[in-house]
Amino acid sequence: MQFKSMVVLNEQISPGYCRIRLTAPREIMHAKPGQFVMVRVFEGIDPLLRRPFGIYDLGSFEPEYPEAPKQHYIEILYKVVGRGTGILHSLHRNDYLDVLGPLGNGFDPGNSNDEKILVGGGFGLAPLYFLAKQLASKSKVKVFIGGRKKEDILCVTEFERLGIEAYVATDDGTLGSMGLVTEVLEKYLAEGANHRTIFACGPVPMLKSAAAIAERYGIPCQVSLEANMACGVGACLGCVTRGSRHSDENPDYRCVCKDGPVFAATEILWD
Amino acid sequence: MQFKSMVVLNEQISPGYCRIRLTAPREIMHAKPGQFVMVRVFEGIDPLLRRPFGIYDLGSFEPEYPEAPKQHYIEILYKVVGRGTGILHSLHRNDYLDVLGPLGNGFDPGNSNDEKILVGGGFGLAPLYFLAKQLASKSKVKVFIGGRKKEDILCVTEFERLGIEAYVATDDGTLGSMGLVTEVLEKYLAEGANHRTIFACGPVPMLKSAAAIAERYGIPCQVSLEANMACGVGACLGCVTRGSRHSDENPDYRCVCKDGPVFAATEILWD
Amino acid sequence: MKKPDLSVEIAGIKMRNPVMTASGTFGYGEEYSSYVDLERLGGIVTKGLSLRPKAGNPMPRIVETPGGMLNAIGLQNVGIDAFIEKKLPFLRTVNTPVIVNFFGNTEDEYAEMAERLDKIPEVSGLEMNISCPNVKQGGIAFGSRPDAAYSVVKAVRESTIKPVIVKLSPNVSDIVEMAHACADADADALSLINTLTGMAIDLKNRKPVLANVTGGFSGPAIKPIALRMVWQVASAVDIPVIGIGGITKATDALEFLLAGATAVQVGTANFITPGVTENIVRDMERYLVENRIADVKDLIGALQA
Amino acid sequence: MKKPDLSVEIAGIKMRNPVMTASGTFGYGEEYSSYVDLERLGGIVTKGLSLRPKAGNPMPRIVETPGGMLNAIGLQNVGIDAFIEKKLPFLRTVNTPVIVNFFGNTEDEYAEMAERLDKIPEVSGLEMNISCPNVKQGGIAFGSRPDAAYSVVKAVRESTIKPVIVKLSPNVSDIVEMAHACADADADALSLINTLTGMAIDLKNRKPVLANVTGGFSGPAIKPIALRMVWQVASAVDIPVIGIGGITKATDALEFLLAGATAVQVGTANFITPGVTENIVRDMERYLVENRIADVKDLIGALQA
């Protein structure tokens, strides 16, 4: 669906990263973790296209007037990288913007007896946190968070509030262990990997190595991908990624917006 | 000059008309009535070009901190007509924008013994008010204000505060006499027209008829014109108007931004 | 005043209003069916089809530019067989003219596509894409040379009795010359403009942003070029013209009508506002009411220039 | 690290950096001298000159479009005599290469202009605007046909020993073909792009906005087309290329260098930020320092495509 939305709060959560809460119609409550929205940050042509963002959280708050209906909202976690996110960052409470979504397929939570292993970096934690909120009650969940420096490590406290243990690694060792979080993941799995499922969202190298580890230990792995998008609904065919059976002779392209953004790691051609 | 400027106040003064006060460097105090500024209302390409606005007022206010230097400002009176003025209207106190100016030639106040007759409509009153402030002390000044309906009649009280009598006419008679203000002007001049100078700024038909009246009574008349502008400094040649000697065989074009915006009525080809 | 008449007719295709979707920006209709009441539109133009399925170009395929975007989709499409089998059943349920956009690599392929499409009753018209700026050895040759355009249009013309709309490329020195060539080959109508050819560069990596290096330039930025070409062509040929390029609102569409277009297609704007075409129809009707214009056809070519 | 080298050379014209002003957007230099330190620029290109003064088109002459603008100035200029008498004295005081942009209605007029300019020591180079109608050839622009371009460039080439830069029109089917024609006629360099032809319509009055109906389209919106053409031309010819079109910041300019341009010209952006050219020079230098690039020339054509 497409809806006009009002900014409820818009705050920095870590240098360069912000969290924005937007009013939304009640239908938004059906959104699944891993789905995303496309936001039009500014009326007019600059920027022209919508910007895709994963859903970080959903909820409802009491309306200002007792008789008014409950107000639902959606939250996005965003990194300020360019013009669109820059404008998003400049929005104040009660400013309006336009949202399209929820879009995409979302994660498949799978068998609740399995241990759910979340692996993410940067704003990739957003959909994983939303997923964790739904899984925490039913399943054992662990989260592995990686980043360049401690500023890039998000949501640790949020996960811990859900009673989820967070393993952290940074390239420069400013938080958690020094190195790649996928190394920490591998150590963890070395102690026993059966009945586990990996859900990964973050930079491609992280996804790639998570996929490789999952394959090595023969456990299922779902990854959430990114691509430049125009429509978000499967109409423009602009957001493709290479499927596992892809070759230059017989190309195999998948729409990230429609067939994804979540794919089984085995569906994707990594190299 | 070009300067970054902060919005001090931005308020509606009549339905569809607003007044905005912008901080400015001290050099702005040398600006002459009839000169204009070109405002960039939004960083980015939408809208792309600057918007020209006549200078309505200048001044200084006490800085917030005693030791800080005096803060100078410029005021613009604007009508919300499209995208640029729409964005201007949406600006809040402490928002920034970018100003180029003062630009153009400005009015020539002339002999202070003459009676100064100001004729204007809509936002055309802006430069006339600035002019009146400088003339009021030295010369006899009268102002003739015309518009479609009473909402289009601006600055009457401001002129009266300067001790200037205002003659008002509206097409629908909702304020002042019903009809064209130039008819009121003509009546006034009929009682004696020598040692008088007309300064006019407003819609072209008003300027044209003011010019005709001035010619009939053989008194000098200065008019301030408008044209679509790109550069405002005489570089693009986009803002021309037809000079009095203009013919299709021997065109005679004048730059409104550089040779004007103020012209002797006799310099201009009307029709 | 009674409701204004928004209906137009192009080469026998009766449309309830002049607002269509542009090829490649609206999928096969179904993609946007939850956002737009397809039966409020004048027509639906499908993604460009070819005889065999086409996988398209490597990624990245799109990039935003000032006021526009570049695309190098590479004419990815399911092919005519899958179209008939998988996409047509849905379109059959929609009471709105369906115009199939198609292309080929050779004249014979164009002709064969036309023959295939000629047999599909649900297809109201054919739109030939003779300009594929982002496909290596694609249709570009057809669209940039009058003789080539003439003969491929002739070939298609002789392969179908359905209305043939030729979609012109703007990447030419003389758009009017191209238009005449297509009209001489008995095209029923012309649609323009297709995308201009553009390029974006990734300074950091010193590489083109698009895997295909260049891409098709569309969106509000190109509107002045589209308006100019539509005006030139509509003033020069006798067959109806469909205006395309940077349309995002009713006033844009009305400007194209004044310039001489009988109808318009909306492309890139669908991505930004899925319901944009319906909004344009609504606002166009309002405009006619407010300006006491009984029939939208009175605006076609009404520009005083 | 020591200051990076920003200097470039075009057909013997030594410039302290690759940033010039584009013809018609910077007057005769003096107009912007209070906003820009002209001696920080790589070069100044004058408004287009003709043998006799030209009054230009009726108004309105300009209109804003999404991300760009249209202009129909009509090549208004003071003529070469007034230029020498009134404008040159100022330019003489500025220690920066002056390139005179000029045009004619016939080949002979082009040649005569070249001869006149050849005698002016302060003129470092000539830029031929060939996007003008050839009155002898039924008004078709010299810049839209290779043969016409070849012979007018040849005529100019034989009339001056000064560097001859030919400014190409983008309104062509094959920009590379045009570039080759000019190179074959011994042009020393090429500059592109000139404006695209566009149109804007005043819906309310049902009239074109511009008195001239159509106008030249410039500004950020056209950058993707300009980048594509510069890349195509620079990859095809051996003479230096000057990149023009939608440049508003240093990163834009650097993208044109990567695409193969030896220098750039900034046009419409001057109107928005009078000091933009100086800012671009400053930011370009910063970019080189931050990225440890000793010589800006290392970026020319460095695109991996």
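Letters A, B, C and D name the chains as they come in the text, with residue numbers starting at 1 for each one.
Everything below uses one rule, namely that contacts are C-beta pairs under 8 Å (C-beta built on N, C-alpha and C of every residue); 3 or more make two chains touch, one makes a residue touch a chain.
Model, not experiment: these values are computed from the prediction.
Both chain A and chain D are touched by B, C.
Counting C-beta pairs in contact, the pair that comes out ahead of the other among B-C and B-D is B-D.
Of all chains, the one whose Cα centroid sits at the greatest distance from that of chain C is B.
Look at where the CA atoms of chain A average out and do the same for chain B: the two points lie 54 Å apart. Centre-to-centre separation between chain C and chain D, using Cα means, comes to 34 Å. The distance from the centre of chain B to the centre of chain C, each centre being the mean of the chain's C-alpha atoms, comes to 47 Å. Mean C-alpha positions place chain B and chain D at a centre distance of 36 Å. Shown for chain B are the residues in touch with two or more other chains, namely 45-46. Residue positions 66-68, 220-221 of chain D each touch two or more of the other chains. If touching chains are joined by edges, the resulting network of the protein chains shown connects every chain directly with every other. Taken in their complex, chain D has these residues touching chain A: 66-67.
By the touch criterion given at the top, residues 65-68, 70, 144-145, 171-174, 196-201, 203, 205-208, 213-214, 217, 220-225, 227-228, 231, 246, 251, 254-255, 258-259, 302-305 of chain C touch chain D in their complex. For chain B in complex with chain A, the residues that touch the partner chain are 44-46, 83. Those residues of chain B that touch chain D in the complex are listed here as 1-2, 40, 45-50, 100, 227-242, 250-253. Interface residues of chain D, counted against chain B in their complex, comprise 24-27, 31-32, 34-35, 47, 55-56, 58-64, 66-69, 71, 73, 76, 219-221, 248, 268, 270-275.
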